[in-house]
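Chain lettering (A, B, C, D and E) follows the sequence in which the chains are written, and residue indices restart at 1 in each chain.
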Amino acid sequence: MPRLIKRRAKKVGLPPGALVHASEKKIVKTRITLMDYDEMHFEEREIKTLGESVPFKNQPTLTWVTVEGLHQAGVLEKLGECFGLHPLVVEDILNLDERPKMEDFGDYILIVLKIPYHYNNKSNEIETGQISLVLGPSFVISLQERAGDVFRPIRDQIKNGKGRLRRSGADFLAYALVDSIVDTYFIVLEQIGESMESLEDEVVTNPVPETLQIIHDLKREMILLRKSVRPFREIVGRLERGESPLIQESTKIFLSDIYDHTIEVIDTVETFRDMLSSMLDIYLSSVSNKTNEVMKVLTIIATIFIPLALIPGIYGMNFKHMPELGWRWGYPMVWLVMIGIGTLMLIYFRKKKWL
Amino acid sequence: MPRLIKRRAKKVGLPPGALVHASEKKIVKTRITLMDYDEMHFEEREIKTLGESVPFKNQPTLTWVTVEGLHQAGVLEKLGECFGLHPLVVEDILNLDERPKMEDFGDYILIVLKIPYHYNNKSNEIETGQISLVLGPSFVISLQERAGDVFRPIRDQIKNGKGRLRRSGADFLAYALVDSIVDTYFIVLEQIGESMESLEDEVVTNPVPETLQIIHDLKREMILLRKSVRPFREIVGRLERGESPLIQESTKIFLSDIYDHTIEVIDTVETFRDMLSSMLDIYLSSVSNKTNEVMKVLTIIATIFIPLALIPGIYGMNFKHMPELGWRWGYPMVWLVMIGIGTLMLIYFRKKKWL
Amino acid sequence: MPRLIKRRAKKVGLPPGALVHASEKKIVKTRITLMDYDEMHFEEREIKTLGESVPFKNQPTLTWVTVEGLHQAGVLEKLGECFGLHPLVVEDILNLDERPKMEDFGDYILIVLKIPYHYNNKSNEIETGQISLVLGPSFVISLQERAGDVFRPIRDQIKNGKGRLRRSGADFLAYALVDSIVDTYFIVLEQIGESMESLEDEVVTNPVPETLQIIHDLKREMILLRKSVRPFREIVGRLERGESPLIQESTKIFLSDIYDHTIEVIDTVETFRDMLSSMLDIYLSSVSNKTNEVMKVLTIIATIFIPLALIPGIYGMNFKHMPELGWRWGYPMVWLVMIGIGTLMLIYFRKKKWL
Amino acid sequence: MPRLIKRRAKKVGLPPGALVHASEKKIVKTRITLMDYDEMHFEEREIKTLGESVPFKNQPTLTWVTVEGLHQAGVLEKLGECFGLHPLVVEDILNLDERPKMEDFGDYILIVLKIPYHYNNKSNEIETGQISLVLGPSFVISLQERAGDVFRPIRDQIKNGKGRLRRSGADFLAYALVDSIVDTYFIVLEQIGESMESLEDEVVTNPVPETLQIIHDLKREMILLRKSVRPFREIVGRLERGESPLIQESTKIFLSDIYDHTIEVIDTVETFRDMLSSMLDIYLSSVSNKTNEVMKVLTIIATIFIPLALIPGIYGMNFKHMPELGWRWGYPMVWLVMIGIGTLMLIYFRKKKWL
Amino acid sequence: MPRLIKRRAKKVGLPPGALVHASEKKIVKTRITLMDYDEMHFEEREIKTLGESVPFKNQPTLTWVTVEGLHQAGVLEKLGECFGLHPLVVEDILNLDERPKMEDFGDYILIVLKIPYHYNNKSNEIETGQISLVLGPSFVISLQERAGDVFRPIRDQIKNGKGRLRRSGADFLAYALVDSIVDTYFIVLEQIGESMESLEDEVVTNPVPETLQIIHDLKREMILLRKSVRPFREIVGRLERGESPLIQESTKIFLSDIYDHTIEVIDTVETFRDMLSSMLDIYLSSVSNKTNEVMKVLTIIATIFIPLALIPGIYGMNFKHMPELGWRWGYPMVWLVMIGIGTLMLIYFRKKKWL
């Protein structure tokens, strides 16, 4: 189960703005990749310290620095210094439990986003992570705790030198990164949509306790996903409407496209939540239906046989003076009476539509 | 069941703005119809490629191009080029899972809408599709994946040369198309309304599990329909208020009429959702009522006959010394006592209003 | 049951703005009444065609035309022409399923409202109709499908020549008409309030399935009523704030009074909905309570008598070697043991507070 | 039970603005108290007609007229005339079912508020009334239907000549009156809070039908209280932000204090509603729990003893050829088998955690 | 249990603005700590009366006065006088049931906040208190009723002379205090998150009445916490956007950081509420499931054994003429028939998936 709320508490008691490694998860070895390109030129290399990227940053070519693994000691210490970032920005990047947000600092823009890495359809859990982007005039820094290159396709496009990416500026690269993050939500939502469709049939026809567990798990994931994705709308909206000179007019139409996708994601999450709530109501009604069916079976059996059992009970008594016991046709008559009563009961239940 | 979320995921990893055939459904053969008219003149023909429509587009007469089937290879490739559309616009048109939206590009306006083709009142499912409209200064392009002419009546009116359509510009034609799309919602909602009315009687008087299934299906359709129709309000509102020179003042009063209809559709969908939620609550209460009734029958029978059965049990014992067994009136007294106890029980239950 | 959604579907396929008789209900014979007055002068007559009202309209005196029954063929055809109304206005008036709305056309204002004619407290249904008002510089036209003079009191006041009505302009007359429509909501809500009060006692003390039916009916009516009345707020608000020269400053304070009443109506409808939802929850809990009570009775009886029945069963066996059967006090001891066990059970149940 | 909606219906058919005594409750004898003071001077007297207050009104001293009992015939007829009030204002004051509101008429401000007189914690009902305030340049009129001086403490402070009241103007007096009305909500909410706290323990540990009744009553009162108190926020906010020259700058800080209190009241009412809804859910779950417990007892008893009863039944049969009946240890073996089966059952139930 | 609403009622009847000790809790001895520092200089001392702090206040150094225990008689009387505060400000500080708020009085800013001191995970209760801050040009006063130094870490940082605090102004100190208050919410929410995670497993697999109690307690705490924390957003937002010269531009970026944290807290509280509501629904469904299981066991046993018991009953009758009793294989046949019926029943139940 994803932890519901995380380590913010650790920071309490430290001076505001102090550097803390906010997470205690197993530390991922830091890996820094640098890509420097313009329409003509292309260079990609792995570097050891952020300091090595400074000379690239100052050239007119576009520099993209990718950092995986934020908490290896000593590696990121110069992040603020190298790129001229405010201490709070660095703190926000290192704190992995930040709310998604966008802040314009004039010289650069910080974008913090959540990304759903993986949907496990056994446990119905979504593994999410945090990706921070810093967009400067001629550089983009993308930072994530988890190892693994989520931007591989974009990297390949740049390498191949095709498409708009190679010809455009840092703002278009940032757009492409945010767009690919938004797209991962669609992948996860599609997978969840498939889980829900198989659930939908089950919930009416055969509501078992496992169904309940799955509904509960998905509902919790939707609540958490909504918390991750809702701030996107405002972030992209502000980028689109923003006055920042870092974002060119020609990029804004693409941002408006992401904006539409973002709303689509939020709408879908809300729609899924509504459907899960509805399923839970249906589930409860289905269980009540089943209990009602079980009750009917019990009642029919008890109502027919408990009264019938009285008759043999009576003629099993040992009174000396019971005239019926001596009758020639007494025993067959008892059978007749019992069959008669049973038949009448069955007719009555059929009339009540219990059978 | 309509798929809850669709193929957006496929696009991931491609350059933003790249052309992808977003759907994998069976490919519909593309059919392009061109209509070119003004008050005097009228011409209608089927064309093979979009290129054939370019000469018409540049004439002062109004040109309406209808495209059915968007994904036959090679046919729509020149859509952007022929009509000067932005690559993202073409992508939005080809992607059949776009959220309804309107975008003003200065030279032309893109409107993407969802249309409910058909309501199946057996499975309680609504089949929906996407229709894109591009409104230019003297042309309108309407594009849909599904074969079948949903705009037949409008086409006929133009052919007959009667009515305002023949005398008005491209904006009025676009209005007429959107109006006829909104009207299909009314048809579907009327059919659903009829399903719901027959459901309403059932839910209180005879709640069976099938009722639950229908409520569930309708609720899901309402959730999905709401997702389709909610953006209409904003779209039509922006068209009406918009500054675009493509829309004449005289058309705006008609747009305000669609705006009212749109709100009526949204209101009705919301009202239906409220009523279905209410029905589900009623259903649950009805089932509880029925269980309660069943329980009462069981309890009455058990409460009367289980204690009664004790008496013959006692006089069926084989003790040597049981004075009652020898009594002359023992057996009739047992009958009297049993009838007496049974009668008292019945009186008690009538008092408790269980009978 | 009121139809949930109505004939809009019929219009599909007709040119926008075309005249259609939107309803198929039995056609009411059209009856047109004309009233022409100022402070000095008063005239009232029944007329055959709208054409007869044109000369009055052009005089400085105030002309009030009432039309009952909108769908008799041929009578209303000249409505647009006589009073210079836009074709869409006429369509809105004839379409009886319009959403309440107000539109300012400069020369005249169209107001479409819903009126609740009657609350049937047997079937818990509200019969509603549509009234359209057209307010011009010196005329008011009120149109309704249903026969019957809902504005009788206002008509009488004008006839008697007392009160502000006779001295004021067309805007004050329109205000008086809207005010009397809003007041009919109070009548209906008061009647529903009485139904709800008798329901409130029932729902906790004696929840029967009929109670459920009534709650369901009222809930549906509230949902529909809310749909009718919610647009009023915006309509009256826009009239009050509006810039229209047709509405004088001195009338605006009266409009602000209607505005308060309108909010009161909406608040009350919302309050009733909340209370009905709450009642439904209470109902479900009450039924659960009752089921629990029934279960307790069953359990007490079964728990006492089923184990007891085992004892006579045992001494009814026919084993040759059962020493107890020969004991002198065997039979009375069986009685003692049974009474003892029964008493212990009762004490146990009293302890558990089931008795 | 408070009536849910009241006599507005009566007014229908009367000319707008006509004087009606809106309530039919027993008529309270009118009692008019006049207080005239400034920092130096103080005078208090009971007067018979409003006319007597006119000379005071025109003096520079501050005049406070309190009217209790609004519907004695003939006494309030001159209210509008004496103080120059608009007929609709007088109608609003006399109509006891007005929605709380504030209206600025330039010369004077009308404030209509609801006050909760008393919370009956037996029937869980809040008795509310209406108080109207008219604030003029040097006078304040407070009018209420119910007899009883709710402003006694303020009156005493003025009499004692201490505090800010004696030195301040009409606006500060009006502030003090509104403040003391808002404070009565706190008293009532505190009492309800106490009822709810005792309810909270009951609802989980011992949910009886009376608990349900109390939850239902409190929920209804909260719905009605919310309707009374919600408009306060807007009223006080508008007074605070308003441009009226009747309200001095120095008073506005006090109004902002009431504004905070008002939001506190609304928040508390909403919080109580949320808690009651939550309690109702808990109640339903608790009852289900109890039913489950009862069912378990029944099932344990029935499952142990019904099968056991079969054994003596079998050996009670009268077949000639039943070898077991002749066995020496047959009878003790029956006992052993029965005790064994019973024990196994108990072990099984303990495993299932039903015991 | 925290009291739901508190002593506001006490104030009724006192002149507005009068000093009242709003709480009746055990009075905490007042303890006043003064800290006076700038970058060079540092002084900390405990003082007896507020008067002693006045000379410090007027120096250019930054003065921070901490007051613990507000209600010891006579100590705080000069608070308003010493620091030039409005009587209503002093009242707000002393009243411990104030809603969180911020007010700008030009010379100083009052901030009233709630702080959660402690979360008791036995009783699932959060103990909250009120902290008021007064921010002046060169002084900050922090006042709280409860003894205990919640600002110890900040105090230590100042003492150590490290960090930004020693170099910055009163506004940065106020920021640091508010920040540390917001952080305590994260601590409490993290603890609650842990309680909820252990609850989540229980609710589906083993729903016991204690689970219900915990859900109920947490839900109530969330409702109350939301009431405490919701105003924070507006308070911090207004500080950030505010025009007050007391807050420097360089501090605003830190305020925007708190703003993000505040929204994170509110989001988390809302998320927890949603999850608890969802859990309650799941709980109810789980209990229904369990009841259904219990019912099935009962029904299976009763349905098999009640009919079976009829057979020995019949052959236990004492009729003279019962041919079967004399049959050689009668008794074994009875056994065969009973075993046969039992087996058929079991097959039937397995088919129905009840076993």
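As a working rule, contacts are C-beta pairs under 8 Å (C-beta built on N, C-alpha and C of every residue); 3 or more make two chains touch, one makes a residue touch a chain.
All of these numbers come straight from a predicted model, not from anything done at the bench.
**Student:** For chain C and chain D, which third chains touch each of them?
**Tutor:** none
**Student:** Nearest 5 degrees, what's the C-alpha rotation angle taking chain A to chain D?
**Tutor:** 145
**Student:** Using the average of all C-alpha atoms in each chain as its centre, how far is it in Å between chain B and chain D?
**Tutor:** So the centroids are 42 Å from each other.
**Student:** Compute the distance, rounded to whole Å, between the mean C-alpha positions of chain D and chain E.
**Tutor:** Spacing between the chain centres: roughly 26 Å.
**Student:** What residues in chain B touch two or more of the other chains?
**Tutor:** 284, 288, 291, 295, 298, 302, 306, 309, 313, 316-318, 322
**Student:** Could you classify the connectivity of these chains, where an edge means two chains touch, as line, ring, star, complete or other?
**Tutor:** Graph shape here is a ring: one loop, exactly two partners per chain.
**Student:** Per the contact definition, I'd like the list of chain C residues that touch chain D in the complex.
**Tutor:** Of all residues in chain C, those touching chain D are 152-153, 157, 162-165, 175-176, 179-180, 183-184, 186-187, 189-190, 193, 196-197, 200, 203-204, 253-254, 256-257, 260-261, 263-264, 267-268, 271-272, 274-275, 278-279, 281-282, 284-286, 288-289, 291-292, 295-296, 298-299, 302-303, 306-307, 309-310, 313-314, 316-322, 354.
**Student:** Applying the document's contact rule, which stretches of chain C touch chain B when the two form their complex?
**Tutor:** 1, 3-9, 11-18, 86, 88, 92, 98-99, 101, 103, 206, 209, 212-213, 215-216, 219-220, 223-224, 227, 280, 283-284, 287-288, 290-291, 294-295, 297-298, 301-302, 305-306, 308-309, 312-313, 315-318, 322, 324-331, 334
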